[in-house]
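A, B, C and D are the chain letters, set down in written order, and residue numbers restart from 1 in every chain.
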Amino acid sequence: LLVTDPLRVGVVGLGRLGRIHAENIKNRTRALELVRVADTLEEVARSAAAQLDVPWSTHFDDVLCDAEVDAVVIVTPTPLHASMIEQASAAGKHIFCEKPIAQDIESAKQAVEAAQRSGVQLQLGFHRRFDPDWAAAMRRIEAGELGQIYFFRSTLRDMEPPSLDFLRDSGGIFFDMMIHDFDVARWMVGEVIEITACGAAIADPRVAEFNDVDQGIAVLRFANGALGVIDVSRSAGYGYECATEIVGSRATVRIAHGQRFNVEWLTPGASTTDYAAGFLERFPQAYLLELEDFAAAVRDGRPVRVNGHDGIGALNLAIAADRSRAEKRAVPVAPIQ
Amino acid sequence: LLVTDPLRVGVVGLGRLGRIHAENIKNRTRALELVRVADTLEEVARSAAAQLDVPWSTHFDDVLCDAEVDAVVIVTPTPLHASMIEQASAAGKHIFCEKPIAQDIESAKQAVEAAQRSGVQLQLGFHRRFDPDWAAAMRRIEAGELGQIYFFRSTLRDMEPPSLDFLRDSGGIFFDMMIHDFDVARWMVGEVIEITACGAAIADPRVAEFNDVDQGIAVLRFANGALGVIDVSRSAGYGYECATEIVGSRATVRIAHGQRFNVEWLTPGASTTDYAAGFLERFPQAYLLELEDFAAAVRDGRPVRVNGHDGIGALNLAIAADRSRAEKRAVPVAPIQ
Amino acid sequence: LLVTDPLRVGVVGLGRLGRIHAENIKNRTRALELVRVADTLEEVARSAAAQLDVPWSTHFDDVLCDAEVDAVVIVTPTPLHASMIEQASAAGKHIFCEKPIAQDIESAKQAVEAAQRSGVQLQLGFHRRFDPDWAAAMRRIEAGELGQIYFFRSTLRDMEPPSLDFLRDSGGIFFDMMIHDFDVARWMVGEVIEITACGAAIADPRVAEFNDVDQGIAVLRFANGALGVIDVSRSAGYGYECATEIVGSRATVRIAHGQRFNVEWLTPGASTTDYAAGFLERFPQAYLLELEDFAAAVRDGRPVRVNGHDGIGALNLAIAADRSRAEKRAVPVAPIQ
Amino acid sequence: LLVTDPLRVGVVGLGRLGRIHAENIKNRTRALELVRVADTLEEVARSAAAQLDVPWSTHFDDVLCDAEVDAVVIVTPTPLHASMIEQASAAGKHIFCEKPIAQDIESAKQAVEAAQRSGVQLQLGFHRRFDPDWAAAMRRIEAGELGQIYFFRSTLRDMEPPSLDFLRDSGGIFFDMMIHDFDVARWMVGEVIEITACGAAIADPRVAEFNDVDQGIAVLRFANGALGVIDVSRSAGYGYECATEIVGSRATVRIAHGQRFNVEWLTPGASTTDYAAGFLERFPQAYLLELEDFAAAVRDGRPVRVNGHDGIGALNLAIAADRSRAEKRAVPVAPIQ
């Protein structure tokens, strides 16, 4: 791979986010080149390929065997992540994989070790780390501007829930949604030593049938003594919201809900602004920048910014939260060996 | 008048603002005491007096002859201001008078001189100087935080126009509305040496019948070299707005549109906040604080903060704006002798 | 008591908030009349009385025996509240008492019953219910605009902690601070059936010496199925913050952090606004309105808006939070008999 | 030109904005392809070409003679615009040209006619029309949501002025800066029939040496009866600001100053946010979208969204403003024949 060449990738899994990744690679950056796409559903693969003007297939193997492919972007359902990472590692392809890395620690560890043995890069899709707002805040935190951290808060809310079918296979709210906030917590504040979590199936009680909730809360105790609260919702109604706040001894930082447009409509007595309705509206740049940074890491041979251990770390917190919710008590978080 | 006693006042003119002044004095402060009220309409005077539990009359003389009255609060129509100031001066009563002080410079000067001769205090009702927002900004301006001033802007908008009858006798938009912004300009930036103004009768073309407009703009050139723009509207529709901005070499200050409540309603895609609908909602404190400061000035024998010369200064700008609008050219502002 | 007369009150306990209550009654309202003040420290009582121009004493009995006194405003340390309510009840005085009503349920019940037996009114000092922002939100909630409630959040933060001496006797963060949020939770959402709480002594570890914390979190489960989170801090550093958010099926409402002035300072690259530094800056109106409403309830013989049972309800939640923190588990909230 | 192929362009003039256009074309879009770059300064052309990996030259002719070039992007100094449009037209190249189209109406007309005769597309660089904020507002205006328009305001401020050398050749503040706001006024409200303008050389009096100002104000009277105010500044100090407001009978719309990040820093008493420091931070998307739309118009054979007549219309207002400032009177705007 010459340093001036784009990273040639295949995108595997062409659901909503897979399509976004593929389109960004195709149209919005010279750092990556879209070589092929794959999805187990032929119709999905075929139509995406037509629009993007690249070859398609329904088998992951076709991507892995393509010598033109430097790296794979895995956007398939969670249960497939770990084994696909292992396969891609065996094929010598660099890997960008959506979260969570797996649904259990053992599988996650094996996947990470497979990538390490093969010497390929593995980056997890925690896109918030690349969003300009979170990145700007983190630069000032790293410069020490907050002082000692006392309190962390993160909120993640969808406007409307995905389908029940999706939810049934999602692994549950702590694994599918809150995992992003667990990553932000570890990234911005540090390791977590205790979690107390709970939830409620209130907007759509049917999620209780498969032991899930649509409102989840986790209280975190960090190794450095700080406390934290994460709240997530499948059904905020008013829109998508993703916000983080960190209170420190010297300053407090807030990353707020994003407006869709910087436009205010004033009608009698009321000022109205549009809010982002979903993650694609809130994070258009982050989804592009994380892939460009992955390409740069591969090209320059430097470590990726969100590696396999970060994937395991966040998964570990989701597992603890799930147990705390079941047992209605604080659960210590076991360090990863 | 003992220093610990409240200033005993009579309120004359019991329209909307006169009632506000009377109620503030009666219920919200110990610095003034409401002794009596007057209005030429007996019904108005009688009903206000009943609610406020004070004597009433329909003649200004009754107030002036009342030995219990230390000061008068004049909230009558503009054409009466100057002569009532002269009468009150002759009666030895301190005077708080709503703006504008008069409709021509000569009458205004005679009124101011009458008060000076009689040794009574005369304060004009430019309430914005006492509003906590403007006052906070002014403290920092006086401390030099803006550096050299480059640009001034002020906006004043009513949600809906007053009645055509009121407008017909109001003296015109520059005298009735923009006079507040002229005062703010002089207070915060300094003297004005040139005005270019224009207007349009667009929301209700009937105001053109008496040569008035319902949208007015004035461009100011200050003696210190700064430029300024004032825009006023009788019919902003969305609410009442009063806002000021000053751009300086070291900083810029903005005093913004006020929300009614610090509450945000989020519905699908939209965030809504309530805006103030009128001056009473925007300036509840300013209308109280200006009277308390007037009482304190009388009690302590110190100069009032908005004196008769400020009344003449603002009137002088209104007159120049009116001429500029008629002649479609920049008009130099003659200094007051 | 004639309906047109002010409610004559004695203020007992002249610390920071006691002085605010006394000054509001003296200077800012005609609905109450300050008849006398009392504090066990003679110097404190004497100086307040001199400034307010009323008699003083160091004994509560002097207030209770004063036939001119219709009602007492109790602003003494928490351990005294219950017994002073009983004494005032016995003396036939109406009672406005600061929170919390007591430190244990039994004492609180006896106090409430004493007031009921004597036929006097008892109102608790949960001022947020009277703040225009919370009140405006509540009116729309009561009109059903939120739909089904899913999630509640409340935040209460002091800029700097009180003295260690104050904290040692405060009863702990759940009783002294979070009790306000417990009341807001009950008022705006409904009864709570389970609490999970934790805390950390992080800004000043010395509070751990008397088993207190300076950061506290409580997760609430409401009887109607909603979840809630409250976070409080003694040391937010940046300022005082009091904010509430409620997510519902039809809308979400936010009551936000208050600015001190509606003024923005723009310097190179940065826009700065002032935030309120303490509860007196955030809630100037609420502290006045709660007393006026108390006076109106007494005058009109209607129920007060925050009664003794509300005091017990909030106390009950503080007790459950304290136990949850100690036992590191979810604690069911026993209904009050 | 096949519909699926990118538009192949040469960028001419590699100053700050020329480089931005070239980099956007190279790295951020598949709708255009960067074929070559040119600048009269060899060093500038050479270094840009090296970074962008395309051929360079110092002669416009080299670009015009290149059969691979479908269109030219002209980002040269204003005095060259009209003649370069004519040359490109003669060479059959489509044209994207930065504002203003010329410095006098006659040259502008000849340029527009040349493009028309040659059947090539000509688009002007009024990027605000493509910014998501302005575009979102305009969609709702076109849907009639404002009702009748009463008032228009637009503000454009640079943080720091360009060099005196640049200013000396810029054509003056009305031609170089306010021309953007003139275009927005025409686009969002309609034709202007009268202008009254003034200015001051206050931040740097040296601009007066070549009869320019660094603060400019123009008051507009629209054909539909609305009034408008534009204020521009070379030296706002606090940052770059570009904001527009339109007051209508049914609603008012505000497009506000943009934050750099959606991040708030809270320190004792103050909340601080970052503001955009320049047009590149404020309009990253607009500069990309205007070129993509130009490419789409060429590809689809549909009219461009900002054509040569829009260029002449804005220029006509700048000329009237300049005359008004000189003659200190309202100047009627002659319709373009």
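Rule of thumb we're sticking to: a residue touches a chain if its C-beta (ideal position, glycine included) is under 8 Å from a C-beta of that chain, and two chains touch if they have at least 3 such contacts.
Note that the coordinates shown come from a computational prediction; the quantities given were computed from them, not determined experimentally.
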Selected pair, greater C-beta contact count between B-D and A-B: B-D
Chain at maximum distance from chain C, centres defined as averaged CA atoms: D
Distance from the mean Cα position of chain D to that of chain B, given in whole angstrom: 42
Chain A-chain B separation of Cα centroids, rounded to whole Å: 57
Chain D, residues touching no fewer than two other chains: 237-238, 250-252, 260, 266-267, 274
Residues of chain D defined as touching chain B within the complex: 147-148, 150-151, 153, 157, 196, 198-200, 202-203, 215, 217, 219, 221, 225-227, 229, 231, 233, 235-238, 247-252, 328-330
Chain D to chain C touching residues, read off their complex: 159, 237-239, 259-260, 266-275, 277
Sites on chain B touched by chain C in the complex: 4, 26-30, 53, 132-133, 136-137, 140, 145, 250-258, 260-267, 274
